[in-house]
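Each of the next two complexes has subunit A plus one other chain: subunit B in the first, subunit C in the second.
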Partner chain A sequence: MTKTYQKLRDLFGAEVLGLALFLIAVIVVFGVLSPRFLSGANVGSIAFQLPELGLLTLAMLVPILTGGLNLAITFTANISGLTLAWVLQMNGGVDAPTSAFVIGVIAAISVGTLAGFVMGVVIAYIGAHPILVSLAMMIFLRGLGEFLTHGGDISGFPEYVQPIGHGYFVGIPIPLLIFIVGAIVWHVMLSRTRHGFAAYMVGSNIQAAGYSGIHTKRTLTLVYTLSGTMCAIAGIIMLSRFNSVRVGHGEAYILITVLACFLGGVDPFGGFGRVMPVVLALIILQVLSSGLNLLGANQHLATAVWGLFLIGVMVIRWFWHRFAQKQY
Partner chain B sequence: MNQPLDNPSGQVVPAIRVRHVTKTFGGVTALDDVSFEVLPGEVHCLAGENGCGKSTIIKIITGVYQPDAGAEIEIFGQKLSAITPTISRKLGIDVIWQDLALFPLMSVAENIAFEGMLGNVPRIARHATLRKKAAEVLTRLGVDLDLEAPLHTLSVAERQIVAVGRALVGDARLVFMDEPTASLTQSETEKLLAIVAKLSSEGVAVVFVSHRLAEVLKISSRVTVLRDGRLVGVYDTDGMTQSHLTELMTGHTFDSVVAAQDRSKAPVVLQVKNLTREGEFNNIDLTVRQGEVVGITGLIGAGRTELGHALFGMTKPGSGEIILNGAPVRFRSNRDAINSGVAYVSEDRLTLGLVQPQSIADNIVLPVLDSILDRFGLISSSKKDKTVRSWIDDLAVKIGEPTDPVTTLSGGNQQRIVLAKWLATKPKLLILDAPTVGVDVGARAGIFEIVRKLADQGLAILMISDEIPEAYFNSDRVIHMAGGEFIGEYDPRSTTISEIEGAVFA
Partner chain C sequence: MIKRFLSPLLSAAIVAGSLTAAAAQDKPTMGVVVKIGGIPWFNAMETGIHEKGAELGIDATMIGPTSADPALQVRAIEDLIAKGVDIIGVVPNDEAALEPVLAKAMAAGIKVVAHEGPGLSNVDWDFELASAKGFGETHAELLAQKMGGAGEYAMFVGSLTVPLHNAWADFANAYIAATYPDMKLIGERYGVAESVDDSRKTALDLMAANPGLKGFLAFGSQGPIGAGRAIEERRMIGQVHVLGPFSPGQGRKLVKSGAISGGFMWNPAEAGRVFVTMGRMLIDGVEIGEGTEITGLGVVSPDMAGKDIITDNLIAINADTVDGLADLGL
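For the complex of A and B:
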């Protein structure tokens, strides 16, 4: 038993294993309490809800690794979605050709990327604090979006947009597939590329990284630029899932993404954190909320349980840390 | 000379006398039957390598730790069975820790006098009283500081003075100073030493903990040497030499042999002509050849580190030329310098030399990421492991696992990691800025062995050092820098160390 545990721990790391065991426990508890919990419908609904939050969390993860934060994620997603909606509307709305959709997606991703790039340049080259810069960008994007949409919904898209939010590909929900690809790309970027390596170093000690020849400004700029790109992808999925775009949609996700990162063991001060534990943390949060929902708990209560759960995790980590240190 | 003194005090009542102090933490003996004595008004030095028990004994005297049974403690003639921090302060013992423990946003007056406002009963802090008390203390020290200035606007030296002032407000009769001069310039050190002398003349005993042996010998009248938690002895500083003190601290004899060789026939690697950067250095002419170790010594503030930064592309010189392997270079950043084969070991290992909390392996490969990529442009873990292993073996670094945080290593081994990471860039010119800062005396020889080996392999080395003996014994030529200019050059083979010391400290 202990041997298998050690083998698994060496393979995935203690963080991932701990979260995975916890996830299994949560699934078992809810599975016993509610027969509908393990039904296809419920699993499907989790699979469809996870990706938006998941992609936004990936967008939040890397700025946190560099010791920063991107508070503009949801509004970057909104404004990117709005860009796509606008291109579709200009080209006939419901009857827009697929070419318009392709152009719209390219435009949406460009807009999200640009928003991230601007933030990155200001943070890296002006040296302004990421919280202030991204807060300013968030307010700018929100104001701009509300001005353009007059605070209302934009809807009426072609039929073929729907599957991106609701369809399946070889039995897997398409948004989930997009999220899985996003998570894999992020994982490879952080663990195997020069940029990812530099991001960790910049997050730990930007001065020492600079002395060692890391182009710290370029690294920071790229981190926020890619965060913007990821937001744009989330925005496109949100558009097709709700078949509409509204500025402010998903606003509540901002803090949840931060919490999912911390729950996944990302160091709030930067320098440490991996994609896989964060993804597991996201799944746990989503499973908790849907399980409570099935048990008939109020949605607000579910939010409260998330909060309690996060506090609990911090306390457990503290004990774990003490226990681990005593071993020496 | 330099025999341990048996009982130098005799008639005087010592400020502190502790005997048979033993302290164990778990199974580790930090102090083993140590005795220690300080006379009133004496400047005493506590010397020893890191981990020898210096801070443990201070913490016992100030009541932070309780000694194991059997210890005798006597403070100003008063026998005590136990000390608590409160009793220790009441008896007039104060410690100025290296980090000073001051409040950066509060004013000078508040920092000096706030402790009078503490107590069990909440009190209203009266500003006028604070100012008055602080002003009195500063007058007593003979220094003039703006009482209203926020502490963070002061220089490190001025902050030291504030910390001393705070101790005096509490009527300290014995002050411990932990590495007080570590970050001071020479003239600031002089000022602080003058203040120490003044305190001593007023009957306040000062115990110095310092790594800078020259300073230790200059200021104190006696030195207590600890090694591995045991008392080596108490010595008079009259007639004590740095090398003898080093031997006592480490228990090894260091054969200080001049390593200089004639390299004047070797091809030139670095040539600097008339290099000037306003306010930092002027008209620097310098040649470093293959296999040559050129030492630059001088006082802190002479512009040595600034010159190093300019050669490493961190700053842009105003005028003059840098010629590397025969071609003039103009670095836009340190990345250009690294690519041209310049490496720079910073004097500040903590914030600049290493990415501290990250792993040993990551720190080594940090400047050479391009060399560990696979054919897809991704970092190859096998190439990374190979690079890391080969450097750790090559420099004989003692580590646990390459994935351990670099913070788990001792100063000497951390410095080897810094060397490894720069050597991995295959430099032609290696700039070492204070290469033994924070490295134990015993581990320094190992660092210089590596330096010499690298030179023999053909690397050109520019070594900046505060410690004149270090530069003297390990360089082929020693340059004296002062006020931003090169003002003298010495060949260690035909110069004595005291000639250079005389010139530098003149």
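For the complex of A and C:
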């Protein structure tokens, strides 16, 4: 028993193992409480709800790893979505050709990336605090978007946009596939590339990283730029899921993404944290919320359970560390 | 050890679950997704939903998202589809954003009833307790009377994306422009009226910037309350008039002190009851057409193409009626 445990722990890490056990516990409890919980419909519902939040969480994860924060994620996603919507509208709305969609996606990703790049440059080269810079960017993007759209919707897109938010590819929801690809790219970037290593080092101790020859400014700029790119992808998925874009769609997600990162064991001061546990934490949050909805519980209770869950995880983590230290 | 710390969490979930899971399984189920939970307007609607649900034998619940974000409504509806309810009711924050998920619900064989969403196309019926024209013009006329038919006024709506609020605002403005040429609208319309704080701040700012401002027309349940508070703070009662639909219990004091001059509303509890009544009719296969009588709406003449049932069931809120309405739990 102990041996298998150690093997599993060595393979996935204690964080992943703990969260996976918790996820199983949550699934068992809801499965017992509601016969519908394990139905295909519910699993499908969870699979469609996860990606937009998941991609935004990935966008939040990397800045947090460097000890920062990106408060502009949802509005960056909105502005990117608006860009795509605008390109589609310019080219005939419902009848827009596929080429317009491709150009729109490139434009949307460029806009998101640019927003991230500007934030990154200001944070890295001017040395302003990430919270202030991203807050400023958030307000700017929100104001800009509301000014351009007068707070209204842009809707009416070609038929082929729908499957990105609602379709299946070999039985797996397309948005989920996009999220899985995003998570794998993020995982590889953080664990296998030079940039990922530099991001961790900058998060642990930016001065030490600088003295060791890491180009900290370039690293920080790249971190926020990539965060912006990821927001743009989330924005495109949101566009197709809602079949419309408006500034303010998904506003409620900002704090949930931070919550998911911390639940996944990311150090709020930077330097530590991995993609896999964050993805698990996201799944747990979504399962808790969908499960409580299925039982007809109040939405505010779901929020309370999330909070309770975060506190619980922190307490467990503290005990876990003490327990682990006693052993060695 | 882990168990010890997880158990409070799990037991919380179990308690929450067993409270609701106990409900009978064979009754038809209905979920009504409203704009936001925990505000008096939708609390009253919830009472109506439960009341009528018990009467008609439908297991009806209301789901109020924690913030007025259409993304949260989409998630709640996805969960209802997964739950396999028979009827979904919705009071949309943003019509366009809900179309895909409502289409999904209808494809799953679920009946969809909407309220305050006349532009939705993926519904079986949308019902309104007030016509946009009647509602806008009745308010505009009362504002004009209070202001003596002249002066500057400002317009609040719940959000610039709530088409209904904007339709009221359009009709009110058109009516005033046609009937009272001496009245003048200040600025564009402000999308603050779903929040007391935003309405209060905006009203304070507008009064500071426009000394000639004599009236606020606020379409959105929190707008008159916020603007009324601003008037009270500035001691402008009697000089600046606030009109609009609001929850009487919440605005009772402000109406009595004169900070809110009055308004018209429909009864959210009645809307809740109509949701369930219509849900029952839909699953029983009752045809709704010209002259059908629906409890709570009266004899209706629906717009068959737009799938809208629009009626005028307005009640006036003023210093005389506010207590009675507030005692109804509104």
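In the analysis below, the second predicted complex is superposed on the first by the 328 of 328 C-alpha atoms of A that agree within 3 Å, B and C clash if a C-alpha of one lies under 4 Å from a C-alpha of the other, contacts with A are read in each partner's own complex, and residues count from 1 in each chain.
As a convention for this text, a residue touches a chain if its C-beta (ideal position, glycine included) is under 8 Å from a C-beta of that chain, and two chains touch if they have at least 3 such contacts.
Only a predicted model underlies this, so the values are computations on that prediction, with no experimental measurement involved.
For the composite obtained by superposing both complexes on subunit A, the positions of subunit B and subunit C are free of clash and fit together.
In the superposed model, A:S39 lies in contact with subunit C only, and not with subunit B.
After overlaying the two complexes on the shared chain, residue contacts for A:V188 are found with subunit B alone; subunit C is out of touch.
Contact with subunit C, but none with subunit B, is seen for A:G151 once the two complexes are overlaid on the shared chain.
Looking at the shared chain after the overlay, A:H215 reaches subunit B, while subunit C stays out of its contact range. Of the two partner chains, neither subunit B nor subunit C is touched by A:M90.
Of the two partner chains placed by superposition, A:I106 touches none, neither subunit B nor subunit C.
When the two complexes are overlaid on their common chain A, residue A:V29 makes contact with subunit C while staying clear of subunit B. The vertex angle at subunit A, taken between the C-alpha centres of subunit B and subunit C once both structures are aligned on chain A, is 130 degrees to the nearest 10. Of the two partner chains, neither subunit B nor subunit C is touched by A:I172.
Touch counts on subunit A: comparing subunit C and subunit B, the chain ahead is C.
Superposed on chain A, the gap between subunit B and subunit C at their nearest CA atoms measures out to 25 angstrom in whole units.
Taken together, the two structures place no residue of subunit A in contact with subunit B in one case and with subunit C in the other. Contact residues on subunit A toward subunit B in their complex (touch as defined above): 188, 191-194, 197-198, 200-201, 204-205, 207-215, 271-272. Residues 1-2, 5-6, 8-10, 12-14, 16-18, 20-21, 23, 31, 37-38, 61, 63-67, 69-72, 74-76, 78-84, 94-100, 104, 108, 159-161, 191 of subunit C touch subunit A in their complex.
On subunit A, the positions that touch subunit C within their shared complex are 18, 21-22, 25-26, 29-30, 33-34, 36, 39, 41-42, 44-46, 48-49, 52, 150-153, 155, 162, 165-166, 238, 241-244, 246, 248-253, 288-301, 303, 305, 308-309, 312, 315-316, 319, 323.
Listed in rising order, the residues of subunit B touching subunit A in the complex are 314, 333-335, 338, 344, 346, 351-358, 362, 366-367, 369-370, 373, 377-379, 421, 425.
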